[in-house]
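By letter and in written order, the chains are A, B and C; residue numbering begins at 1 in each of them.
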Amino acid sequence: MTIAKLSRAVLMGGMAWGMIATAAFAADITFWTWRQEDKAAYEKFFSAFTAENPDINVKFEALPDTTYPTMVSTGLAAGKAADVIHTHAYGWLDQFVRSGYLEPLDEATVPSLANFTPDAIEALSFREDHKVYSVPFATMTLGLFINEDVFEKAGLTPPTTWEEFKTVGDALKSKGIIPLANGMGTSWFNEMFVSVFAGPFLGPEFAAELSTGATTYKDPRYAAALSKLLELRDYMPPNFAGVDYETAGQLFLSGRAAMLAGGSFDIANYRKLNPSLKMDFIAPPAASAGDVPHASKFYDGGYAVNAASPNKEAALRLVNWMGTTEFGNMFSNTLGNISPINGVEITDPILHHVAELNKTAVPHLNVVYFRFGKPTGSEILQANITKMMSGDMTPEQVGVEMTNGIATWFAPFQGK
Amino acid sequence: MKADWRSKPFHLSRRSLWIAFLLAPAAVIMMTFVVWPLVSALQLSFFRFEGLKPGDFVWFENFYKVLFQSPFRDATYNAFWHNIVVFFALMVLENGVALLIAYALLKELPGHRLHQVIVFLPVVLSAVIVGFLWKLLLHPLFGVVNAALGLFGIMGPAWLGSEATALGSIVFANVWHWIGFPALVLLAGMQRISREVLEAARLDGAGDWTILTRIVWPLIAPSVTIVTVLTFIGSFNWFELPLLMADMEGSPGRSTDVLALYFYRTAFGSVTSGIQDFGQGSALAVLMFLFVGAVTFIALKFLRSRELEI
Amino acid sequence: MANIASTTTTHQATGPVSYKGEGFKNGAIQALLWLNAVIMLYPLFVMVMSSFKSNAEIFSSPLALPQSLNFANLEKVWSETNFLQYLGNSLLVTSASVALILVVGTMAAYAIARYEFRFSGLWLMFFLSGMTVPLKLAIIPLFLQLNALNLLNTYAGLILVYTAMGIPSAVFIMTGFLRALPKELEESARIDGANEFVIMWQVMLPLARPAMVIVAIQNAVPIWNDFFFPLILITSDSLKTLPQGLTVFMGEFVTDWGVLFTGLTLAALPITLLYILLSRQFIAGLTQGAIK
């Protein structure tokens, strides 16, 4: 299309002009994110950055999360994307790196990368060249919310093992309280629900073997862990199949339910919705007493630099700053999420708890390992887990479906 | 006018310029925003996408994947089957009931105008309003529907949360939303039947059922054709209601998955589970387009010939 | 219509036996129609009623009437969302699209209907073929196209897409109507020395007003209600249309049902009021394409 070419030429001309203009004056760079709700917090962070780097101004732009990947990819393709881009980790990052749109980072250009564990760096690296493309920003921990008021009133203590969970659950039920608020009405959360309760039964060894293909989801250990979820049905709300994650949150916050499988990302939100509630975030029930607690964990994403940015130097300085303890402290204590930066001090008691859980957490399996090709492990699990919970599918069948689906793009699973 | 342009070539060119001026804006807009995108969709479907950029030209690989390679194939047929179910369910529940409503309105009993306005009211509302409203009404714990059932001591099902009832619930919302449309289209068809024919039948002692099935039904064949074809196209483009009432994944357990959702999810990725693939997405779009186009064409031929026979 | 109704009455009066039966049957039919009316209206009644309730009230007694006329939800929607902005955007996009459809659609239809020229039949076919195309399926290249033209996330992009979708049916309806207009008017104006533009603008188009109303309503309602194209083509909150804004809103206030019902009520209000005022034109306009 000639019109397209023409407009592209005009656009490029405009950009070239922009480059000249910005070279002479202070650099104005743009930051894109899907976190619309964090606008105020980020604007505060960026003014702190500008106070230290008066030659760089950062503009915050939030895009809707439903179309975020589309907007970022077309923005990058058209040369109109922001200089610094908020990315998810793992397979999500993979597709942008593969197209050559993001700038590889190293400790020469971004010294603060030294502040991260190898685990965090790996989550934001491209698997084929082992280079890191995004400065990690948060870990997400999946575990069990406890409504302490409800437990206190019922004269019970939160469970630590599976057997305790069932005894406590029965006791709560006899008092007319829903033990576990969750339903199966929100498919993205169902996957997290599986990780919360199956995680302690699978443990880190299974995750390690699975990631290399030494074992698959057809492993009897996986089926055994999934079959534990079936026992939970007695403790979930009536009509749990249709209870979505928001309703579950309401049941939990209003005290109609005592526990809620959830993510650390909701701590701040729940606190805002019910400031007077006494709650805690604990590890999901362990297989047997004395086991190491195993919450599940994944890296949510990071801050990447647009490879075509005309202000690459300024953008690199910003992402470097976003890897420092100074930023990490601000981030964790303002947004109530765990920054993976070493040396960050967490003041909030519940977040402190989460940080402790992180030390022995297991990976959130599909997100960490199986979102690199189509169909992703996530979409297969989400499609089948409701069938299993309604009794239309066995745990073994779910494992077979997942293994066969992932095998279409993950060679180590092929023929197993 | 014909003689005019043959005899006056100068006049012709001014006149053609005038005609070109009249046609050009519409033609340019159509070319840019309809024809070109459609042609491009076909083109994109032949490429393998490396991340987000078109990579190798791979002929029919994307088509092969979505039609024949597990697990994409399974998702395709699952969604396709749901489109078929939706079509037949709407034919019976929406158009069938609409036919009865139309016949009742044809009698022009007192208040029939009011009833026309009422039955058509939801048609003017956005699918967004209808979808969210019914999602709230059908909520398993706090919804009005289950509260009403509770008055009779019935514990209502999870509706949108259960595989057994989810698709049916969305179909019901669709019927509520759209039933006024076929009802009034069929009514318009019935009003074109000459009154003498109906009166004559009535005088011969024919009951309403006989009149409806033997006289009205054959004579409104053109309206039935249109309604059927529109329902078919609508069923295969079904997107808004399942997206808003269930989600992009066709939850629970793909039981509400339809082709348009599957296409959207494949092409644009879903935030929580999938990655983007414009190539496979375009292949799905091309297949849907061909299927709907072919069936509509054949159906129109077939139904039109039926009309002629009658 | 009136004389038809009267013949029916006469017929009923002359046949006393069937009169009794008819009366009973008509009563049954009336009852069924009223049942249908309740099914159509009750959900909307619940929606409006719940917008006056607090969250606790909705959850504890969903079927009861609100305890009082409580406008707290309305205030919240008013002060915490961009409802007015969304409403304004929808008005702008819908009216601009409909105006553009009418202008370019009528121009093209006028050329096809009132002049004989080579391939005029093919032109008509070209426009009409657009009626069968589900443009939703071409959303990927359409997206890339708008991106290349710098029209993503602009009013203009959305308006042009809606216009492209509306042209086919506009050309169809206008061509049919304009063709039926008598030639004599046009000829006599031409003899009086009027040029082609004057003939079109001052002689022919004023006669085509009823068809234009049909075209306007037929396009305005689906455009006003559309959610799919803004979902993909518009990302700035300040440009969102009402249905799209409503989805944002429903996601934000997901735990506050009183506010949700208020939002739904407000979103449904403008078009419902307009429909009640102009129901005859709405019904005619929206069923037009399927009746001919």
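We adopt the following convention: a contact is a pair of C-beta atoms (placed from the backbone, for glycine too) under 8 Å apart; a residue touches a chain by one contact, two chains touch by 3 or more.
On a predicted model such as this, the values are computed, not experimentally measured, just so you know.
S.K.: Would you mind naming the chains that touch chain A and likewise touch chain B?
M.R.: Touches both chain A and chain B: C.
S.K.: Would you identify the chain whose Cα-based centre sits farthest away from the centre of chain B?
M.R.: Computed centres place A farthest from chain B.
S.K.: Going by CA means, which chain is nearest the middle of everything shown?
M.R.: If one averages C-alpha positions chain by chain, the most central is B.
S.K.: Cα centroid separation between chain A and chain B, in whole Å?
M.R.: One centre to the other, that is 37 Å.
S.K.: Where the CA atoms of chain A average out and where those of chain C average out, how many Å apart are those spots?
M.R.: Computed value for the inter-centroid distance: 42 Å.
S.K.: Calculate how many whole Å lie between the centre of chain B and the centre of chain C, each centre taken as the average of the chain's C-alpha atoms.
M.R.: 16
S.K.: Multi-chain contacts only, two chains or more: what residues does chain C have there?
M.R.: Within chain C, the residues that touch at least two other chains are 144-145, 149, 232.
S.K.: Could you say which residues in chain A touch two or more other chains, in rising order?
M.R.: 1, 3, 66-67, 70, 77, in rising order.
S.K.: Which residues of chain B are in contact with two or more other chains?
M.R.: Correct list: 32, 36, 142, 268.
S.K.: Under the stated contact criterion, what part of chain B meets chain C in this complex?
M.R.: Answer in residue numbers: 1-2, 15-16, 18-19, 21-23, 25-27, 29-30, 32-34, 36-41, 43-44, 100-101, 104-105, 107-112, 114-129, 132-134, 136-137, 142-144, 147-148, 151, 176, 180-181, 184-185, 188-189, 195, 199, 202-203, 208, 223, 226-227, 230, 233, 237, 239-240, 244, 260, 263, 267-268, 278, 281-282, 285-286, 288-289, 292-293, 296.
S.K.: Quick one: in the complex, what on chain B touches chain A?
M.R.: The touching residues are 32, 36, 50-53, 69-72, 75, 139-142, 155-163, 247, 249-254, 266, 268-277, 280.
S.K.: Under the stated contact criterion, what part of chain A meets chain B in this complex?
M.R.: Residues in contact with chain B: 1, 3, 34, 65-70, 73, 76-77, 91-92, 94-99, 101, 183-188, 191, 237-244, 247, 371-376, 378-380, 382-387, 390, 392, 401, 404-405, 408.
S.K.: Quick check on the complex: what are the chain C residues that touch chain A?
M.R.: 143-145, 147-150, 152, 231-232, 235, 248, 254-255
S.K.: In their complex, what parts of chain C are in touch with chain B?
M.R.: Chain C reaches chain B through residues 1, 4-5, 7-8, 11, 25-26, 29-30, 32-33, 36-37, 39-41, 43-44, 46-47, 58-59, 62-63, 103-105, 107-108, 110-112, 115-117, 123, 126-127, 130, 132-142, 144-145, 149, 160-161, 163-165, 167-168, 171, 196-197, 221, 224-228, 232, 242-244, 246-247, 250, 257, 260-261, 264, 267-268, 271-272, 275-276, 279, 282-283, 286-287, 290-291.
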